[in-house]
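Chain IDs A, B, C, D, E, F and G follow the sequence of writing; residue 1 opens each chain.
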Amino acid sequence: MGRIRRLVLDTLKPHEPSIIAMAEELSVLEGISAVNISIYEIDRKVENAKITIEGESISYPLVLEVIEEMGGAVHSIDEVVAGKKIIDDAVTLQD
Amino acid sequence: MGRIRRLVLDTLKPHEPSIIAMAEELSVLEGISAVNISIYEIDRKVENAKITIEGESISYPLVLEVIEEMGGAVHSIDEVVAGKKIIDDAVTLQD
Amino acid sequence: MGRIRRLVLDTLKPHEPSIIAMAEELSVLEGISAVNISIYEIDRKVENAKITIEGESISYPLVLEVIEEMGGAVHSIDEVVAGKKIIDDAVTLQD
Amino acid sequence: MGRIRRLVLDTLKPHEPSIIAMAEELSVLEGISAVNISIYEIDRKVENAKITIEGESISYPLVLEVIEEMGGAVHSIDEVVAGKKIIDDAVTLQD
Amino acid sequence: MGRIRRLVLDTLKPHEPSIIAMAEELSVLEGISAVNISIYEIDRKVENAKITIEGESISYPLVLEVIEEMGGAVHSIDEVVAGKKIIDDAVTLQD
Amino acid sequence: MGRIRRLVLDTLKPHEPSIIAMAEELSVLEGISAVNISIYEIDRKVENAKITIEGESISYPLVLEVIEEMGGAVHSIDEVVAGKKIIDDAVTLQD
Amino acid sequence: MGRIRRLVLDTLKPHEPSIIAMAEELSVLEGISAVNISIYEIDRKVENAKITIEGESISYPLVLEVIEEMGGAVHSIDEVVAGKKIIDDAVTLQD
């Protein structure tokens, strides 16, 4: 099976536990080397967080388990990179 | 025959199997080193995915087979790079 | 526990002590290698400062303690990076 | 005679043969190291393709022959680079 | 105490002494490696200058002394970087 | 005398000889290492070409001779770089 | 005295001598390594030229002498860099 090298997730989560706690939890999962969590909208009870994960071999089920255990939900998977290295989507004349 | 080094495809696919599964499948094809799948529109039943593939020698028939076996369809081939290395299209005064 | 490598905080603080004093104090905390404090709005009595902190292992409680001892308050935590290296959030077709 | 190192061509071509076949054919011509073909407009019967070619010594007559044999036509030559290395046009205060 | 590595100052100064003289004076202060002075507005009697200073360990009191001795005034301190290296403020989804 | 390292010329030329021929001719002049010719406007009989030339020591009289022998005319010299290396114009707060 | 490493000058000059001649003259002054002259406006009798000079130790009086001997005038000094290295002005949240 191919190795997942980057995942970008659009998530909704309660304010607590904080994105600091969530980044710490995700970053120690096997096969993950770095986690970036950025807030793009804050409401009274919840916040929308964009989660970017990079690593040698990311397990989405384990990632999802951590997010849901902390009360979060994944709205959509916006980008996936698999293979021997990480590439961005190529900018084309259609974009 | 020249070697295909990058392909950028505009595709339509059902939500399942996910882009994670599709990226995993594509990334293990012979001659492919990395696959980026980015969602740019989501409808109730389908999603539009931009697929960027890079490698030493990409076989489009094999790529198409995987996409179609997973229920997807290729709308258009937006960019192709062939040769000894990968180059972007040059930005000109006409763009 | 995972290591926090970057924190971006939106803060409110009185003009005194200055952001020079605050940057000096934060930069000597254990596990911190660099601190950037940028002012984005100035009022008569207070100023809004965006604080970016990078390091090998940042302790948010210690950071918060320094900010509050100097009369400041953290409005929101805008970005957190954890893991073996620092990554930015990936730019996607959804952004 | 000076060596042509980059050519950027604005072309019109039928959908078949595909840009994959055309990139493969062009990339194996003597003196060519990489070919990028990007589609910028698609009609019912034809497509507009921007072709960027780089190499050690590109022969325009051979390139033109391949494009025309595949049913394509060159609308205009938008950029040419010749010499010991490839340079972009310098961005000036007049642009 | 932490070391100040970059200071960005918004200043007002008379036309004379020139920003050449001021840059020369500031650049020889202990702990300073480079000074950039950029004019962003010119009036009949005064000019607004943005001063960017980088170094191993910048003393703000000494910097202020030089600016004031030359007839200038610091309107605001817009950015401070302290620590073992210089980092820019991280671009976030809130910017 | 100082060495000219980059010239950017705004020129008008007939369609024939082509910019391919002109780039080839210019690129073999003594002291020139690379020539970029980009078309920015095409009329029925003539085309406007931006010519960027880089090298160790460019002779403008020789460049002008080639352009005029091929039926072209130099409208303006938009940028000149001289010295031991090539630098772009610095972007300032006045731009 | 501190060393001037970069100067950006806004100048007005007659069409002759050309910016080629002026760049050649300036580039051979002691302490100067590169000169970029870019035209940003052309009138019937004069032209506005932005002059960027970089070097190990630039003498403004010598630079001014060359510009004035060639019939030019310095409107304003837009940017000065002094010190052990060249830095750009830092982009801040105030810009």
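Side notes on the structure shown:
As a convention for this text, contacts are C-beta pairs under 8 Å (C-beta built on N, C-alpha and C of every residue); 3 or more make two chains touch, one makes a residue touch a chain.
As the structure is a computational prediction, the values presented were derived from the model and not from experiment.
Listed options C-G, E-F or F-G contain a single repeat of the E-G interface, assigned here to F-G, on the basis that more than half of the contact pairs agree by residue number.
Between the Cα centres of chain A and chain C there is a gap of 22 Å. Taking each chain's centre as the average of its CA atoms, chain A and chain E sit 39 Å apart. In chain A, the positions touching at least two other chains are 38-39, 50, 76, 78-79, 88-89, 92-94. Taken together, the touching pairs give a contact graph of some other shape, not a line, ring, star or complete one. Looking at the complex, you find that chain F touches chain G at residues 1-5, 7, 60, 76-94. Taken in their complex, chain A has these residues touching chain D: 92-94.
Chain G makes touch with chain F in their complex at residues 6, 8, 10, 18-20, 23-28, 32-39, 42, 50, 52, 54, 76, 78-79, 88-89, 95.
Listed in rising order, the residues of chain A touching chain E in the complex are 38-40, 50.
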